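To keep things simple, chains are lettered A, B, C and D as they appear, and every chain counts its residues starting from 1.
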Amino acid sequence: MTTTERTAASCFLPSDEPLGLVTADGTPAPDPALAMPADDVLLRLYRGMVSGRRFDTQATALTKQGRLAVYPSARGQEAAEIGSILALRPQDWLFPTYRDSMAVVARGVDPVEVLTLLRGDWHCGYDPYRANVAPQCTPLATNTLHAVGFAHAARVKGEDTVSLVLVGDGATSEGDTHEALNFAAVWKAPVVFLVQNNGYAISVPLAKQTAAPSLAYKGVGYGMPSVLVDGNDAAAVHAVVEQAVARAAAGEGPTLIEAVTYRMESHTNADDATRYREKAEVEQWRTRDPISRLKQYLTDRGLLDDKAQQEIDARAEEEAAALRERMNVDTKLDPADLFRHVYAEPTAALRQQAAELAHESTEDQA
Amino acid sequence: MTATLDTTLSLAGALNRALADALAEDERVLVFGEDVGTLGGVFRVTDGLAARFGDARVFDSPLAESGIVGTAIGMAMNGLRPVIEMQFDAFAYPAFEQITSHLAKLRNRTKGQVELPVVIRVPYGGGIGGVEHHCDSSEVYYTHTAGLRVVTPATPDDAYTLLREAIDSPDPVIFLEPKRRYWEKGTVDPQRRSPGLDKAVVRREGSDVTLISYGGALGTTLEAAEAAAEEGYRAEVIDLRSLAPFDLETVAASVRRTGRAVVVHEASRFCGYGAEVAAQLSEHCFHYLEAPVLRVAGFDIPYPAPNLEQHHLPGVDRILDAIERLQWDDAAPLDGEK
Amino acid sequence: MTATLDTTLSLAGALNRALADALAEDERVLVFGEDVGTLGGVFRVTDGLAARFGDARVFDSPLAESGIVGTAIGMAMNGLRPVIEMQFDAFAYPAFEQITSHLAKLRNRTKGQVELPVVIRVPYGGGIGGVEHHCDSSEVYYTHTAGLRVVTPATPDDAYTLLREAIDSPDPVIFLEPKRRYWEKGTVDPQRRSPGLDKAVVRREGSDVTLISYGGALGTTLEAAEAAAEEGYRAEVIDLRSLAPFDLETVAASVRRTGRAVVVHEASRFCGYGAEVAAQLSEHCFHYLEAPVLRVAGFDIPYPAPNLEQHHLPGVDRILDAIERLQWDDAAPLDGEK
Amino acid sequence: MTTTERTAASCFLPSDEPLGLVTADGTPAPDPALAMPADDVLLRLYRGMVSGRRFDTQATALTKQGRLAVYPSARGQEAAEIGSILALRPQDWLFPTYRDSMAVVARGVDPVEVLTLLRGDWHCGYDPYRANVAPQCTPLATNTLHAVGFAHAARVKGEDTVSLVLVGDGATSEGDTHEALNFAAVWKAPVVFLVQNNGYAISVPLAKQTAAPSLAYKGVGYGMPSVLVDGNDAAAVHAVVEQAVARAAAGEGPTLIEAVTYRMESHTNADDATRYREKAEVEQWRTRDPISRLKQYLTDRGLLDDKAQQEIDARAEEEAAALRERMNVDTKLDPADLFRHVYAEPTAALRQQAAELAHESTEDQA
């Protein structure tokens, strides 16, 4: 499909330091390699992050009320979650993980549907074809291959679709990540790999996950351009992903992006991060918050005033209230569904088993 | 271009024809894997397809089985119908997570919204003098996994029909190709209507005992039935074709008539496919059985080296022995012997 | 330092104690996997071990299951005795090739010259409200693979004993830990002599019917036996403990006495472990059986979402139903009903 | 175990062109980074390659006589096979593949034992602990992880053992290779990864296997030094592997080496390479033959004369004759062995099955 030519490694290497456009304290830091997103995009990024964090807080609260079985928070990762999603075009596809509910909601999926998995009602609560979002993936790194296959199929069919796949730093250690990067590079598939390096895989810090200076260095081994970006800088993430999507759409192949960020909460509400990391580290990252830095920048630029801020907050609050209310309802599940979607048509054995279960239920009621 | 009626083909040739016809008739079909392009596969099953259909539709992928299955899943999500090859049985194991956690479950996970019409072709089983890791009978790993269809042809005719139906199926299909039968020839009628992707067929009629087999072991079972006839046992032989789902109806109908059954397969006996057949027959034909359902299977050992495989594989004698042990006269019951 | 006699521990606590004692007594033992070091495992089974034994002997590896099993194989070749953890059942699948093609076969491949005393701990099964991929009962994938031992404790006492014996075993052991029983408490006597790594035990005596179970389902089966007693059935309950090898002797002895048997497990029925038990009992106890061996098992579906799992898991009622269907009086035979 | 520090990528990158010490026509090409092996080592390399090729030819001949079921030839790869083995110390371990019979023989395993697998008598014919050679590995890339685990165990036990693992270009696409490189780097395990890039994975050329300029570029992604070496230059391979072994033994961690070579024969005797590659390509590589170039160099240096050459040839011929003769014997296998080595002790079921088989054999004889 492609031929191997000797290309200087430097063509594939990321920058030594993460790219950024807005520093932690909100100061602009122009980069010749990166265009600052337009003002309206910056505002959408900001709104998206505020809504995203509010959603996240709400979801965590729902676990305490027993409305959700479990929730993996993305607090602190809003810039990566929202910055990447807003860089997608409508026809593009997202391949998210369990961590990326916020991104899936930002992509337009009904939050109640998104939370169906975590409330324990069904494995995936939304129709992937409605918002072009694959089911949230739990087996680590396996979604990378789906993204590559999907993107390759689009090219075969002559369709202009780019896959964006999200994975964590831990998932980069799995063989599937390697195979996906390689298949994508060899096939020149229109895929963007976004590694959200949030410092931990549950309790395991990055230093036990890799000995490389950066996860983005892996791209070189596949002949794939790699980008290291400040994952708490929504403007930079957006710019970098937008560039990668454009490259992919233009037939130039995949890009590997490492977004350096931090998981502010425990792995899930069931985890206790104080068992394995220092408070000081968390506090240190609090100063690099993705939302407050963009707020500062927008305020300094005169793009955000108190009134606008109030509107944004109010809207996020409304969304959360609506979600809370809609989640505060007992759902009624049909056990017969257990047998309906195993094959296109239930087999004789499954019909038999469904009948047995139905019979049991009748007996129970009798 | 569809094949003409009643051609004589090897089993491998029939598969090749089925792939060619499917590629010709359905734009969404594509074939990829290790060495399936230019080379035409190590068993030549995809011979000539890349030349005929171009390397966008028939091509070599990088060497990684999880990658092959995982990308096939993505392609199927996007409307294609990939037919992929695992070069040998044991080399599908790297893809086990993609197969069990995604391929088998994605329809279910999405309440039927995502359909994965993927066919995984797996040359399987022994009998060809292959070295270690090239001869596994891995069917149970798949049949125990809900959401997969598992089929295996034993004749060229079925090879053609089952593969076409597998490709047309909206469900993922593990398509097990009995390597040792690749070169056996038979008549293939591409227009033949099949009994169905999930139906067993009676390959030989008989009234004394039902022999149940599939894939590579079917031929041996038919030979055994022939030999049994000389010893006075009229054996009925059933070719399961579909391992998942299991066609209980056809098998039970036969066993209720004959009252005796032997399951024959190459895979290890312990937790092998024969256990399910025996368990279902014991449950559903309890009062018809004159003797326990016996299993003639591979031993509970790793597949042996070529020069020892003839001891491992169920042969005609072992099947005849089992038939003779079916308590024909009032001999001591088997379970008393233990 | 060995534990004192007769401590009350949870099943998870008993496993922790077993690991600690093994680490203390045998320098060659080491424990690694995902989150087993500092965190002490997501189920706290390795809690405190890294602090006590240092991170050269108890440590977090990179996140890759094939990597964990593959490196454990290399370590065992070099004289160590690794005890590794797969975080959840379905997350062992990426390691399937290393497990089936190497771990299970290396002794055989080398005519016994290479021994692989590796223990793979797998928290398995459902019943804890886990989301998809966290609740598989994957035992058959391993029991069908010759060369592996597969054991599962159902009580804290057995958790301790079986894990110690698994670590001491010269064979590779798949050690299945029933998640839903992690927090159940019981008396543990570290000095207890075990019936043996491959022995089943009778957990309750009875003369009417034998209930055969293991792991997470054993507790439910014992409850069912209690309930059955109220309805007049004296049920014997056998805890298999070892799934591979299968202790036919203990089970058959019971079934020959009772004449009736029900196998209970959480895994899907089709080609599930119960099929082997039913097939062996049908073969070896044919003339003693008053009714077919029945299987009470999970449905043939992907493991369902938490809010539906109670419908899937074999419960007391379903076991009682099966007992009632065992043709106690001269009711219509089961196989006539179909 | 280690901490991640930012290190310039250049520390890990291989050279742009393969390192070499002797050019294709036998001219010395000194490299400041690489010490030319001592004269006696060069002579041992030469002898080893001549013997290795003779063994290889003999094995192929045995397939024609039906004495071997199948044989994957390493003709053309002698420099990589022998150069790497002679750089090992006695206590080091080799983790070879099906392709590397020549290397296993060079390591000191009886050639008849080596060929036991391929003659179909048993899976592995030698005792791995006698010459420190793991069984030849067929499932691709899986041996990389065994090598890493073995090496790590040596460090845990305080033993000075380095693992050398051989894999092909195709095997680098498997997830296991990735996981092994990563585990080795994170654990700083004493392992040397030698990729024999012989241009093909059965019929699939390298260009369909990777889009990277070199397979050695992968090292960067793991923070592992990588070396690109002319795989047909035995002196260079030896020097490079020796350096890597020394690094590993010194506790400095693993090295990834790509040796660029060529598979002169078909994949195995059962394969027909003319189906997928041009004669011209093969002819082109014939001019880069590893044996003739070292012969030229040694002759020019006065280290090899006709008499020595004759002695070397005669010895290789003797070895081949001895092998031929010993392979020309019908072996008698004991079917009872089938059950002996599945577990440390045969289970009741296996004893039962062994008895059944024994009973059958008695009946057959009756």
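The rule we apply is simple: a contact is a pair of C-beta atoms (placed from the backbone, for glycine too) under 8 Å apart; a residue touches a chain by one contact, two chains touch by 3 or more.
Going by UniProt, the chains are A, D = Pyruvate dehydrogenase E1 component alpha subunit; B, C = Pyruvate dehydrogenase E1 component beta subunit.
Worth saying up front: this structure is predicted, and the values here are computed from it rather than measured.
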- Query: C-D versus A-C: which has more C-beta pairs touching?
  - Reply: C-D
- Using C-alpha centroids, which chain lies at the maximum separation from chain C? D
- Distance in whole angstrom between the CA centres of chain B and chain C is 30
- chain A and chain C, separation of their C-alpha mean positions in angstrom: 36
- Query: If you average the CA atoms of chain C and of chain D, how many Å lie between those two points?
  - Reply: 40
- In whole angstrom, the CA-centroid distance of chain A from chain D equals 43
- Among the residues of chain B, pick out those that touch two or more other chains and give their numbers. 61-62, 64, 66-67, 90, 93-94, 97, 101, 105, 108-109, 132-133, 146-147, 246, 270, 299-302
- Item | Sequence positions of chain A contacting 2 or more other chains | 1, 122-123, 139, 173-176, 179, 182, 186, 208-210, 337, 342, 347, 349
- Residue ranges of chain C in contact with chain D within the complex: 30, 55-57, 59, 61-62, 64, 66-67, 69-80, 82, 94, 97-98, 101-102, 105-115, 146-147, 149, 169-171, 198, 245-246, 248-249
- Residue ranges of chain D in contact with chain A within the complex: 1-9, 12-13, 16, 173-179, 182, 185-186, 188, 206-215, 217-224, 253
- Of chain C, residues touching chain A in the complex: 34-35, 37-40, 42, 60-67, 90-91, 93-94, 129, 131-134, 270, 299-302, 304-308, 311-312, 317-318, 321
- Message: Considering only the defined contacts, which chain D positions touch chain B in the complex?
- Response: 69-70, 117-123, 138-140, 170-171, 173-176, 201-204, 208-210, 271, 275-276, 331, 333, 335, 337-339, 342, 347, 349-350, 353, 357, 360, 363-364
- Note on the structure: Listed in rising order, chain B residues that touch chain C in their complex are 66, 90, 93-94, 96-97, 100-101, 104-105, 108-109, 132-133, 140-141, 143-144, 146-147, 244, 246, 252, 256, 267-268, 270-276, 278-279, 282-289, 291-295, 299-302, 333-336, 338
